[in-house]
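The structures come next, written out as structure tokens.
Two complexes follow with chain A in common, the first pairing it with chain B and the second with chain C.
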Partner chain A sequence: MFRGVLWLLAGRGCVGRGLSTRSGGSTPDWTEKVSEIKKKIQSALPGGPWDPLYDTSHLPPEHSDVVIVGGGVLGLSVAYWLKRLEKPRGAIKVLVVDRDHTYSQASTGLSVGGIRQQFSLPENIQLSLFSVDFLRNINEYLAVVDDPPLDVQFNPSGYLLLASEKGAAIMESNVKVQRQEGAKVCLMSPEQLQNKFPWINTDGVALASYGFSMSSSRMQTSSGKEMTLKRIHEVHVKMDHSLEYQPVECALVINAAGAWSGQVAELAGIGKGPPGTLEGTKLPVEPRKRYVYFWHCPEGPGLETPFMADTSGAYFRREGLGHNYLGGCSPTEEEEPDPGNLEVDHDFFQDKVWPHLAHRVPAFQSLKVRSAWAGYYDYNTFDQNGVVGPHPLVVNMYFATGFSGHGLQQAPAVGRAVAELVLEGQFQTINLSSLLFSRFYLGEKVEERNII
Partner chain B sequence: RRLSRLSLSSLPPQSLHLVAPIWNLGTSGIRGLSSAVTPEGNQRKGRMLLQFLTDRFYDVEALRGYLFQKQVSKVHKENRSSTGIKKRYGPYIAGAYFVLKQGGAVKFQGKEWIRSTEHGYSPLQLLSFQAVPIEAVDASDCAINYEGLDNLLALKELQSLLLQRCPHVDDWCLSRLHQLASSLQELSLAGCPRISERGLACLHHLQNLRRLDISDLPAVSNPGLTQILVEEMLPRCEVLGAEWARGLKLGPEQQSRDTASPIPA
Partner chain C sequence: MLKIIIPTVMLIPLTWLSKSNMLWINSTMYSLMISMTCLPLMNQFCDNSLNLSMLFFSDSLSTPLLMLTTWLLPLMIIASQHHMPKEPPTRKKLYITMMILLQIFLIMTFSATELIMFYILFEATLVPTLIMITRWGGQTERLNAGIYFLFYTLAGSLPLLVALIYTQTTLGSLNLLLAQYWIDSSTHIWGDSLLWLAYMMAFMVKMPLYGLHLWLPKAHVEAPIAGSMVLAAILLKLGGYGMLRITMMLSPTINFMAYPFMMLSLWGMVMTSSICLRQTDLKSLIAYSSVSHMALVIMAILIQSPWSFMGATALMIAHGLTSSLLFCLANSNYERTHSRTMILARGLQMILPLMAAWWLLASLTNLALPPSINLIGELFVTVSMFSWSNFSIILLGINIIITALYTLYMLIMTQRGKYTYHIHNIKPSFTRENTLMSLHLVPLLLLMISPKIILGTTY
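Up next is the complex of A and B:
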């Protein structure tokens, strides 16, 4: 018995000391058995390897006060103004989400970059005026201590709009509105235009203008039908190229997704309902492809070239010092290219843009196109003006989109307006109540006549 | 996080001012800005220490932001347009007072230059010149900016404007000068650190300009080419500026030839 106990102890001791030190027939069986037992236990228990403290620093936070969908100029502008206008420092947590951090298809980076105050709608003029002021004082707004001052490379050469006989009356009334709002615009006759810019062919030009926000859970419509108000509680942010996603709990969602705002709105359930009702009113913003061409013309107009928009809709501006120019033309409704991709149609330049340019500026009869690209307009099919403000039913989705080609030039002012709406509940500086979503349901078009 | 650095709610939202590009705390004043471009050894060490502290402590960051905003509002205060004086004494006195307050010099028609640093200058002496138009302003080294230019643009008989080495005169200011197109004959922008060729493009409205000095503009990317383009833009104006050949690379056979002979544009 005593010998049996010793044998048992010796055996157990060997097992305890380290199975690898003993070579023999008995111990490999034992290791295999142990690993088999481990595998059986793991397959029986739920879950994978137990890893409680993994790194989530690459994921967005779980809670955020405001989530801005879209990281282009409008989204970033709203984010900036929200942080700048918040009362206690650090009060609001803002999360900006964008699906492409290279901004390869974003309208912001592909824009021609013209800024004008020659609009027909007073709100648009005010937005542009403030945005110009913002750009002029950009170092005061966006300066960071210890960094060199910002240089936006702005060309203050002015914007020249030409009008033919039919458009002359509209242009005059527009200029009156612009002057009333405080924009500095001057009207020129064809002779004055020829004197100032001898390289223009003033044939066909009659006039030119040169210049520099609900809370109740039930709502009843007028017919007595009840409507339910919805709230967005969470935004699921999916990470790039992986299956990870982070549900971000938020109080407000701001839709600044540009050309894709319509799709984002549909994700929130806007437009899902019988047509003709408020639930069924979709956000009428869709992507429209526009081409921009970059050409060289050694005899072209010199340093004083303003941003010029012809009577036909073709426009161009000077780029750099080497007689290079950027420009394009908006196609008519019938010629709208397919917005599925960003391929450039060079025939469009040959057929539709070059003839007008060559007619207006004879020097452009001999030019050489160096490159071209395409970008999207976040085109508002309803009335080509932006949408700003909350949705009447989905109470915590705010829009800042649909500017149809003048988003970049109005971004600082629109960002400030949306931030004021979020923080104060109403517009403080520029009143954009005519640009709210409800106009789509009520059918009130807010038309802008000067769309390039 | 970077966006929240300058959110000071004490500043009224309506105040839009041009910034003083002074990034090291007070070690070089507005007048000495050109020397700040190439810092010496001690200045650099001091600046690196400040940068180190700013990156790590919110207090230092907030303090520097606050001091920076104070400098900005100081420039704005100096450029306030004195509408009271303008109403009482007319635009010429107001303009002269503004320029002399900033440290420049003013020349009334038919009189001598009045400089603010001169002995015996007193503002009251200006009152005698109430109806006399100003024909020349020398605002060199002054902290004049976009808003301050209001005072000068009211001087409709101004013939000569010298804005040499002004640290806050930039492209936007040049776009306003078209209001002086009917009278301005001489303009000097030498040494202004913020003027680039985009601002010079706005000068084409000044058809009466006969002398333009655009030498030594550090922000102009291609001085020689810019000079040629400006000369083309203003055919009746004599443009003094960089040597046009400075930007060109000479081929081996041309290096022996004299580079000062002009080639037609």
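Up next is the complex of A and C:
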């Protein structure tokens, strides 16, 4: 499956004709050279598309059935599931395009990498449950024959959410919903919390919910180009790469562009109309910058550390085995940093994150920040939950974006949902109809009751 | 014959001198009128041919094919109207000129008396088709497809040239009408087998025979709609027509040469039908179904019995109309969703019910439903094959079943079921498209009343 996805991303859209480089060659250099030579011969011989004027093998194909805009985890997940769920093999041609193949600004690579099931929306819980299952059994889904088994550094340490007096009631009802959906959650009182995690200062904590979750930090690779879209009812996608230009005729476009989904949607003409109408409803996804700090604390909590989210909104998780931790905090509306660049504000850590951390975990009073980075949330300004499904007007554009910080954890399940929507016409496994685009026009907010 | 050829030639100045807005109307209407001038050819002696001149003649075998050819030109022009308008006018005119040129060559091929003239025009039909495929086809693979198409056919027909020239020198004349009366000496030498091969290979490649059929799926899929239509409807039948004419000239003692090709056709028929079941690309499915039907024709021609000749001729005409119709239907799908994959455009019956009716009729004729002429062709071929060898009925029966299977699969996949979300705003069927489909179906259905006109020389 993974190989199928790779070949699709190489832009050819057809199963490789023995252009395999997995010959188990002695050194990578040698197999590289052989594959180069093979490619050259292949392009000269009949049997593949070639242009007598110049070599166009680096451009995407002129025709593809589905074009996925955005090659992050959501886009690749949709591509994977489309190929996995199609009934006749090789039926759909999928093309994934991304404007930056180094993923320098993509949210996927810069994410903290936590997964939790403690949501209040049943759909979110189901999405996370499936994604957890996916990651746990990742070799069942993504393993390639003859390759070593995948290791996504999946640490099932759990996710600890703390609630103060105010939030305790909400947390209890959330836990009830979560248990109904099948998540394994337990509620703990401060005493139990103190027993389990002696390094926590349970001051101000009324309730804690401890659920199963993990973190992962590895990603897969692909290729990419930039694109522009055309308007409603038309199905042409144009590709841009430097000055070269490849119109890709397609039947469907899937918008998985993450933080830039709003711009991509505008290119398709979504939101160009009088406000208050369906034409005028924009896709309310915009990039929001969030900081992640990486610190070392020699007396910090050990192996049993869950991904902990404090009542104040600060969170952290263990990284590796050397008392290193990753963490951050969501800024309030007033202190939203400017998403124009990915510069890190270290004062934010000093002023906002560290005091809360130090309060909650006394060991963190002495820590040393090793590094920090910033990444974008594809923040859905409407209700901070994802947008999935087709646009009512631009009929062949599907969304899989706007997950506002929990995109990575729900990506496998969302990919599967979108693939089902494309192939079957409706959601088969998880019903995400409450996350459709039309809620923006109808004004129905689908809100989550605790946001990190 | 000139009353057909000269107007067709004059269609070219008509295209070039028409105003841009009258271009399509003019060419369509005048080519329809030319197809009407072809009808009087039907009025001929049924036991002999209508000898019009030294160069041209028509008999009950070439007349239906001529009718099909002239009928198809307006249909091709109608079908091309949608994907052409964005091109500059010169290119549009060039496209129509290619079609007309092809038409001229085909008319002359089907009515040629002299076999060398037949050969020259046979080869000449390749050129406009190649230009249409490579210049106006859909995707990059079309260049590949064009090369396959060109070289397969050329390589197959070079031996034909040698054989024809040899026969000309030994026999003195290659006039088709005289050659029928050529009595060959009974003892044969191995050179006769080579001669047989040389004659037949060109047409085998054109039909196509199962082992040499690689060019067909490529060419059919990558060609623009007019190219697909003419390829499926007529160019394949050139092979059949050639074989039918040549077998009369060849010695009966070397009929054992037919066996390998019989086997290939029998097996290939079942194989290509099975491949159709696995296809995800709609045009590819129809292309492979063409190979399967033509395998029946090859078998019928090779066993050389009166019934089989009747079946072959009927099947050629019926398949021409049906295949062309299926390609037009697939094209109407493609123009709306821009994808040839079947699973992306499902449940069309809800959205385009009239088109669903055409799909249904096309599928029914494709699977040889009685009393359509497809059935007459297939039935005659099956019956004569059975009398040739009892065991062939097994494979023929399997093929009939699998044909029904993939045709119904195609119908159900595209028409029935819940429609995919993204096709709910496709444009409704144009009158032009409905006209196109009904113009295909009307001859198909009307011929049911009097199929004797398509049954060929042995009726």
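Keep in mind that, in the parts below, the second predicted complex is superposed on the first by the 371 of 452 C-alpha atoms of A that agree within 3 Å, B and C clash if a C-alpha of one lies under 4 Å from a C-alpha of the other, contacts with A are read in each partner's own complex, and residues count from 1 in each chain.
We take it that a contact is a pair of C-beta atoms (placed from the backbone, for glycine too) under 8 Å apart; a residue touches a chain by one contact, two chains touch by 3 or more.
Computed from a predicted structure; not experimentally measured.
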Next item on the list: In the overlay, answer first, second, both or neither for which of chain B and chain C A:263 touches.
Entry: neither
Margin query: Tell me the contact category for A:302 with respect to chain B and chain C: first, second, both or neither.
Written below: first
Check: In the superposed arrangement, which partner chain does A:249 touch: chain B (first), chain C (second), both, or neither?
Finding: second
Notebook entry, point to check: Of the two partner chains, chain B (first) and chain C (second), which one does A:86 touch, if any: first, second, both, or neither?
Noted result: both
Check: In the superposed arrangement, does A:429 touch chain B (first), chain C (second), both or neither?
Finding: first
Notebook entry, point to check: With the two structures laid over each other on chain A, which partner does A:395 touch: chain B (first), chain C (second), both, or neither?
Noted result: second
Notebook entry, point to check: In the superposed view, which residues of chain A touch chain B and also chain C?
Noted result: 86-87, 90
Next item on the list: Enumerate the contact residues on chain B facing chain A in the complex.
Entry: 2-7, 9, 13, 16-19, 21, 23, 47, 50-51, 54, 61, 64-65, 68, 72, 146, 171-172, 174-175, 196-202, 204, 219, 221-222, 225-226, 229-230, 232-233
Notebook entry, point to check: If you look only at chain A, which of its residues touch chain B in the complex?
Noted result: 79-80, 83-87, 89-90, 133-134, 136-137, 139-141, 143-149, 151, 153-158, 212, 302-305, 318, 321-322, 429
Margin query: Taking the touch rule as given, give the residues of chain A at its contact with chain C in the complex, in rising order.
Written below: 46-52, 56, 61-63, 65, 86-88, 90-93, 233, 235-236, 249-252, 390, 395-396, 421-426
Checklist line | In the complex with chain A, residue positions of chain C that touch it | finding: 138-141, 143-144, 147-148, 278, 280, 337-339, 341-347, 418-425
